[in-house]
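Look at the two complexes coming up: chain A is in both, with chain B in one and chain C in the other.
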Partner chain A sequence: MSVRPDARSRRQLALMLTPYLVGLVGLVLLPALVTLGLAFTEYDLLRPPTWVGLDNLTALTDDPIFRVALVNSLVFALVAVPLRVLVALGLALLLHRRALGVGSARGAALLPTAVPEIAYGLLWLWLFNPLYGPINQLLRTGGENGLTVLGRTPPQWLTDPTDARAAIILMSLFTMGETFVVLLAARRSLPRDVYEMAALEDATGWDVFRRITLPLMAPVLALLAVRDVVASLHFTFVPAFVVTDGGPPPYSTTYLSLFVYQTGFEYLRYGYAAAATLVMILLTVAAVVVQWRLFRRYRGFYRL
Partner chain B sequence: MRPKALVALLLSAVLVLTGCGSGGDDSSGDRGGPVKLLVFGAPEELAAYRTLLDAYGKARPGADVQLIEASDRKDLLARLATSVAGGAPPDLFLMNYRFYGQFAAKGVVEPLDERIAGSDVVDPAAYYPVAMDAFTWGGKQLCLPQNVSSLAVYYNRSLFQRYGVPEPKAGWSWNDLVGTATAMTRDSRGLVIKGTESEGAAQRPVVHGLGVEPSIIRLAPFVWSNGGEIVDDPDKPTRLTLDTPAAREALKNLVDLRQAYGVVPTDEEVEAEDDESRFANGRLAMLMTSRRATTNFRTITGFEWDVAPLPVYQKSVGVLHSDAYCMTRGAKNKDAAWRFLEYAIGEEGQKIIAATGRTVPSHIAVSQSPVFLGPAQPPRSAKVFLDAIPTVRALPTVSTWPEIEDLTYGILENAMHRGDKLDDVVRDLDQQTRPLFARGENG
Partner chain C sequence: MSGPDPGGLVLDGVSAAYRGTPVLHEVDLTVDRGELLVVLGPSGAGKSTVLRVVAGLEPVTGGRVRIAGRDVTGSRPGRRNVSMVFQSYALFPHLSVAENIAFGLEVRDVPRRTARERARAAAESVGCAALLDRRPGQLSGGERQRVALARALVREPDVFLLDEPLSNLDLALRVEMRAELRALHDRLGATMVHVTHDQTEALVLADRIAVLRDGRVEQVGTPDEIWRTPATRFVARFVGSPAMNLLPADGPVRPRGDSPPGALVTDTGRLEIGFRPEAVTLDAADGAPATVDRVEVVGEDAYAYLTLAGGEPVVARVPAVRRPHRDDSVRVGVRWADTHVFHAATGLRYRP
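And then the complex of A and B:
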């Protein structure tokens, strides 16, 4: 019995996708659905869940800690994501040419991403140590009495709310290795003749970047930005958990992910935590939709 | 093309099989396996439990107890809750009475009354009642305490002798504490220094007079000692009562340790080096903490240290610190777990764990034996812990207490280190904890 080639390759594709789909359904989609269902129950992990309808969601709107966590997460995404993408883009444009030491530099840019998260957190806990940490030691060089050379107190990374939020953002900047690699590949795959043409026209560096590189890389940048916004909702977890423990008080670095963890696993309010997770998912969807529309406009403008 | 498809099919089959297989093992293979004991603690504490398990293995050949080590208290709570939800809880876990309420209220803990009545090893009368009572819920004995510690003032004896400051002694007052701490706060030349303006000031203290964390459990004994209460009804609390003059005074005095006298390290200094390390490194003259710190401090070689009782306002009151072995209702090896429990809290087991320094034994005879009081190992004045037992009081065991402790810690930390206004602090403490008390369940 012979099968038509396209049908056969389709069947093959389905077969090869099966392991992934099994994992996706069994380990991600089903638990996610169960969690969403639990958002409408009161569940403490120990007794069977009871249906409470929208009670959890209405309680969330009145919960000051949840509101702080929500604002913290949004502010983090607004500041950290553009910075991360910018840093990655800058590095990609700097390091895409062949030159002496470029390989090592690329390796260095990628390395922090390869460090296991908890180890990365513990490392920064030492770096940020207010008195003995290398960052503040460095800032104090030349200064007197524990002040910087400008006569100011060095940042109080772990005890001042603003400094602590900055610390978490700083930590996140060095883990943009994946974004960097993708942008590097994107930049290297851009057609060379366009740049030769621009050189013939005596275009300045800024013109080249603004009129050629940026528009050509825009689709990739857009995708990475969307991905980063989605990821930013959860990659605040380990830094806040390991380095700041959600503090300085009251809740300066309590992000949604940490809020969900504490409510669910430390205070055993699993249903309530599931409701907060539901809000996180809705936020993710909203972020994707908004960015999608923005980029569609942008593409229309450049007729890409 | 065909082989590729076959490989893909095989791969997915392997994935499905291994995925299901590992889950199946967890739920079925436990019965008759080792007794699982879930604990957390510093490395020295975990070593103490391993010593106990080794001794049990020697005393009862063939008995198998497996230690499951959580990284900290919160990790232990999360592990316990998820393992109960997953249907494979540990047989035994060790937990402080302040945190067991949420598990007791939810029917996770197996009542032990019948087993105690049928045991010829465990005699309830042989234990300090205050610790036994802390673990009764709805009239039932849910867990059996291994220790009955209270808060004490650890002090660096060598440092006191070097600076010629009188050592703290029983019956000292809060003012004595402040005076002693002030006299012990020193700069690098060994001169008394005021630590209130340390940020950006010419000199930071090299030795701080006192370490105490701004938490409700540290504040409570002083509120009680001053004639106040921390909650309206210890059995069925509905709110914090720190707005009474007695409680306010105790709170203000605690905050003033940093804000007015600067004898405790700043928040920045605490983040840089926690109080326990600071004490162990010889840069803290006194530290208010429970017996737990002893195993760590016994590794100190550079100086001599001892313990003193808490300072007193009007009457001598301590706060109970007690951990107990609890059996889960879903335990797979209840009989074997009970045999270990009998051993661990019986005379023999308590002697072993007391010798490691970790506990103030809850077994009265063991606590008065040389294993605990003997001079071989510091602290020399171990009797301080026993003298405090008649006056210790327990904190509420309401099921939401862990949340209340976390929330109040943030407010109190800002009071002590940021200098928030006392009126606001007292009001925030009351208003923000009310919903938590309302949500809580009591035994």
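And then the complex of A and C:
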């Protein structure tokens, strides 16, 4: 159905695309290619890179820290991505109707995403404080001797390995604002008469969700899940950097992104970091391809 | 057919509002069991609101709704045992035709196999059994229409509500589906309320027609009554195409034959006479002089658009072979027997 542009509009198109293409090539593609090249060298930013072939990649397979970072990242993606999408979906379904206070509630749901990342991290550093932080204060209410109601020790958020990983996931749950907005729009675009039809058939809320809302929103959910998996490699960086600094030992919250950063910029092993980046990219591509195939059946649903 | 039938549908002084604006004003309607009532009116008259109030999709601000003898005024839609065919059909795009039809049964926990069998039976009765495995996106407008019908009748509801179900179909298909719908109604003996703005559809389909205007019922009657004795000027003009001619009763056209009882200009106010285009003759010796503005030929018929000497427009339907031509002078005649008389101020019918 596409119309072949004539010569003049093609020139205009080219002109308008130029700034973007210059940026894309100069700031993204070239550095990416350089990184690809550096992955096969040893480079400390001081001396010129020297070619080492596949040494960096083989070294990665034996690197216990890299392996920990890889597992941390995978676990994070497996747990945080579904949770984030679920939280966003829940909020979108709660807040899609017009009602008193819905506007403010939507704003509140969006707000954490709008806070600058470093500030957001520092905020959580205070929230997570095991002794004075509001989270543990809350968990201790009703309990005795600094224990929870159930007599358990409240989480040692930033010093216990498991609790720290949970803390990073908890932090990520509140930054699902974009996902929330997209799902809100998706829900609001669903035809009203289909829901009225369901009401006439006396379908329960659960039936409506399971048989109508979920399948109709599945294509959007699938797309957001794919996006979130890719993004999860990024949004682990700042929390791990600001709040936990990759700890507590042994590297409990060192994710691939932080691993690359520390290797490159703190230990000046640029070639090695580039090799890790390469692995990260390959993993991302693999994840996207797998999900795209899983969700293929959802394409074409919108043809009414 | 007199008196409310407890098996049908009763609207008793029903009022409704949309965002604070009144849409229905104390509507009284009775649909007997097995009757097909067509709600006819222009857009914005509140036709769809009548259906939505019956279905429970819209709350009433006054009055009661009774279905099959039960007062359902406050009941939620699923508890009213009504089926609705939406103008858009409202098919579930992600479900197959079979799943669409069986939806209402499955959410009511009818066993899956029974539900599928009944869905197939319903599909067969409206001629879409061959489509059971398709999805709505793969169907034509007419096929979707059939699926929506099958979905409405699979559950054997007390009342069928049809919201302009034929309006998205092309003319030929509309005529075909109209006949099928009527046949289906007669076969099922179903109580149906059918909303449309198409007067032909109403006249062809209905047992009775309720003409709605600005949220009020103007007239309820058989198609014959609506056509022959329109209760108001609005009904007279809305039903019939081209619309009925309307002139002041003491105006240029003096109908022939026995004049109606009573004086033409009464102390209750001025009167208007209405006559349909087919009642007009163009060669009456004592007729009112008029000139022909334009002529439309529609097969055997021709519509002549005339202007009387005083500037009043009149439309005449004449056989195409005897049609006048543009700028011809004609003499407009009509017989008293073919006229309708209305109060100019109220628009109400003046004589029986």
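Here is the rule we go by: the second predicted complex is superposed on the first by the 282 of 304 C-alpha atoms of A that agree within 3 Å, B and C clash if a C-alpha of one lies under 4 Å from a C-alpha of the other, contacts with A are read in each partner's own complex, and residues count from 1 in each chain.
Operating definition for what follows: a residue touches a chain if its C-beta (ideal position, glycine included) is under 8 Å from a C-beta of that chain, and two chains touch if they have at least 3 such contacts.
Please read these numbers as outputs of a predicted model, since none were measured by experiment.
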In the superposed arrangement, does A:F265 touch chain B (first), chain C (second), both or neither? first
So, A:Q12: does it touch chain B (first), chain C (second), both, or neither? first
Does the superposition put A:Y251 against chain B (first), chain C (second), both, or neither? first
Taking the superposition as given, does A:E117 touch the first partner, chain B, the second, chain C, both, or neither? neither
Of the two partners chain B and chain C, more of chain A gets touched by chain B
Which partner does A:A203 reach: the first (chain B), the second (chain C), both, or neither? second
If you stack the two complexes on chain A, which partner ends up touching A:L45: first (chain B), second (chain C), both, or neither? first
Contact residues of chain A, present in both the chain B and the chain C interface: none
Going by the contact rule at the top, pick out the chain C residues touching chain A in the complex. 55-57, 76-80, 82-84, 86, 88, 90-95, 103-104, 107-108, 136-137, 155
Which residues of chain A touch chain C in their complex? 191, 193-194, 196-204, 207, 211-212, 215-216, 218, 300-304
List of chain A residues in touch with chain B within their complex: 8, 11-12, 15-16, 18-19, 22-23, 26, 44-47, 64, 129-133, 145-147, 153, 156, 158-159, 247-251, 265-268
Which of the residues in chain B end up touching chain A in this complex? 1, 4-5, 8-9, 11-12, 15-16, 19, 74, 77-78, 81-82, 84-85, 102-103, 106-108, 199-202, 204, 267-269, 271-273, 400, 402-403, 406, 409-411, 413-414, 417, 432
